[in-house]
């Protein structure tokens, strides 16, 4: 199974925020953005695996800046790392500004699993990070996976060598 | 500001899974469920704070069991802990079975912030857990908050006393 | 076939009124509420019969108070009486008020029929009312059924003994 | 205020039944049809009153024949009678058959109230029925109104002269 | 295969413009109207052919007047000419005015192809224009078809006799 | 007003075809694609003009290949030429294939007008084509504009010098 570069998995979607996407303050609702990100991330995972993919988990989505009615946002999703049958997908969301620039409003991490027609997990190719950002996210993916396995009770904290490093960086 | 019990914040929603909510395998898509959970969790946070609330972050959503076209699911959301202006909301999702019972298919944690009409954060009442599950989630909320502050670079690992306990449970 | 209590059939749904649900006055449109009530009532009928159910008729829905954009409404549906293969479902709709209370804004009655995979009507369990309100609705269901049969030309007015009582309460 | 003929109030809508409009048997769901009828009936009432109109009540909707995925249905709505500020709207729903004919699948009666910008009821013109069917529905509207006032406790049964006639047609 | 009159193919749809159909100026967005016209035109083509029909092309849609939030528009579609397996459908869109009249806001031409269950093109009946407008559109359909074939490189300009007439009307 | 390159106006959107987007053959309906293309083209026009834009016309959309339920399509839109206040936008639609390649399924041309807050047309920057395809589309835009002005009766055929060239390529 031939490994793919992160770039080959890129999926992009631009959206105009319509009235039904907004709350009473006229800002994009979190749930609508979560849904759009899920679909874009799923396309990235499908491009990596060429398989049907299903959402396995969502981690670390934080909504820092409000997005307004009528704003144009662009969601970019790339697979950041592949593990046997699962793929971590990293998303960046930018909003168009009036000066022709864009501003980052959101970052999120979804995990997908590739499945066959019976819904059973199936192997996926490895992911090759190329840029510095892709490499950093590739490395972080292992720590996030360990954390997620610990929280789910499937890994003992002492075995999470990558994750433990975070807590050892500074003297107690 | 009078504290509220978790029970007072309960929001419930039952849904039938329709064709547009499903992927090519005929299962409920993760993004649609994320959107429904966001709305139900927002109602719970609004009942706690009696304010407009906005989604601040989503953590630890994992999709363990597929939900099928035509299934009836029930989303229950309750505030699990309040911190100054933010509220952690815990969600449980069950599906109706043919024998009249229900089965848990999903668990998720969202964080909301109460805001005034300008979108500025505003104080919310404390949350009083009553049942054993509510108390356990109330305690866990502190660890999750520390973890989230560390990951966002806003807290030093050595100060996350609650979180560190996880790693000290077993001898190295 | 084991009879069920009204309570066992309860289905609940909370909704935030979004822009597309409202008319030019910014109030929830009747048709959208009729659709939401149909889905919630259908879940109650499905919980009673554990069968696929189809809407047979709608009676006596009146819209007394306007519901506004951004309001949170809660729809509660319970089977009020079962007749061979049909189930009368009684709905109450409340809106959240700013003081933490709720106010009733709507009441409706839908009738569903349980069907098999060919769409043929199929027998359902009896319904056991427990509270005073449930008993009152259980009794009223018979009068409503007689009225509906007369209006459809399937019953002679002289045989509608329950219904005639209404007109005999006062001397002519 | 110049009276209008029923014909002048006609509103028509043709729809193709899409996947999300159907239940697990592949038939049009009642709630979706109720919503479409509400919108079409509202256009008829708006054409009669040239005012904003709001749904006041729904009566006597019965779903006799299933409508399938992909079917084309046509909803026709005409005001059947006007009372001060309210309008009864009569709807007929037909489905296209393969032989180029259509078949009636549904009949419904909605009541709308014309309102000003504050939502207060406002007077509407009289309705002039012309065809035999329009005249029959015009006459029936009075009986339906009496029945609805009695059920709402706003009229004494002995005063419902039109309605009582139904029960006097046959000797007791 | 019996020819049909244009009138027999008429499909009509009335819509109220809702918030999600509008842009930031509060006017109906072009894409939403294109979608509604496609569905209405498809019903007209289906009524002509009594077959499944698929959109083949869209030509000459121009948006001249803005339509506002809350406006009622009526889309009328009739087949204007049939060619072997394709049908040109002509659409007129009117908006209700406050004085009880309507004003034309849009005109569009769509082409549909009738297909069998495998999606292969299949013959359709001829179209008989009756009114003056129907005859004019019937004649114009030939010129539009020639233009479309030339632009697609499937016809040589010198063979487009009907179309060339446009350029020969005036002396060079 | 500084001219922009075509590349600076690029807008991209990837979509998964869901059940409600398809007809009874399970293929993407033309109207849904027209709507998606309108939104993506509008974003390109907005990026060129940094103004609110409204759809002015749609030309030459042809649907050559069916797109199936579950397929991933990518819509790419770039401004192809600017005229005073209007912008021609050229769209290409590709579908993901199983072998990791994509196939072109659609091409369309929309025209947008930039407007101020009153909806009045407002000047836009010039467009600079760079690649061969961009230059070819830039040149073609003039012929299409002449054709459209003639068809609308706003230009005499003899003045459409660019367009006439098409008919003069071959001897009569």
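Quick notes
To keep things simple, chains are lettered A, B, C, D, E and F as they appear, and every chain counts its residues starting from 1.
Going forward, contacts are C-beta pairs under 8 Å (C-beta built on N, C-alpha and C of every residue); 3 or more make two chains touch, one makes a residue touch a chain.
Bear in mind the structure is a predicted one, so any value in this text is a computation, not a measurement.
Following the contact convention of this document, B, E is the list of chains adjacent to both chain D and chain F. Per the C-alpha superposition, chain A sits rotated 180 degrees relative to chain B, a value rounded to a multiple of 5. By residue number, more than half of the contact pairs of D-F reappear in one of the listed pairs E-F, A-E or A-B, namely A-E.
A count of contacting C-beta pairs for E-F and for B-D identifies E-F as the more extensively joined pair.
For the touching copies chain C and chain E, the fraction of interface residue numbers used by both falls below half; the interface is of the different-residue type.
The mean-CA centres of chain B and chain F are about 44 angstrom from one another, to the nearest whole unit.
One finds 31 Å separating the Cα centroids of chain A and chain F. Chain C and chain D, compared by their mean Cα positions, are separated by 19 Å.
Looking at chain D, residues 19-20, 23-24, 39, 42 sit in touch with two or more other chains.
All chain pairs that touch, listed by label, are A-B, A-C, A-E, A-F, B-C, B-D, B-F, C-D, C-E, D-E, D-F, E-F.
Residues of chain E that touch chain C in their complex: 18-20, 69-70. Of all residues in chain A, only 8, 11-16, 39-40, 42-43, 46-47, 50, 72, 96, 98, 100 touch chain F in the complex they form. For chain C in complex with chain E, the residues that touch the partner chain are 19-20, 22-24. Listed in rising order, the residues of chain A touching chain B in the complex are 23-25, 27, 29-32, 34-39, 42, 52, 54-63, 66, 110, 115, 117, 119, 147, 150-152, 156-158, 164, 166-167, 169-172.
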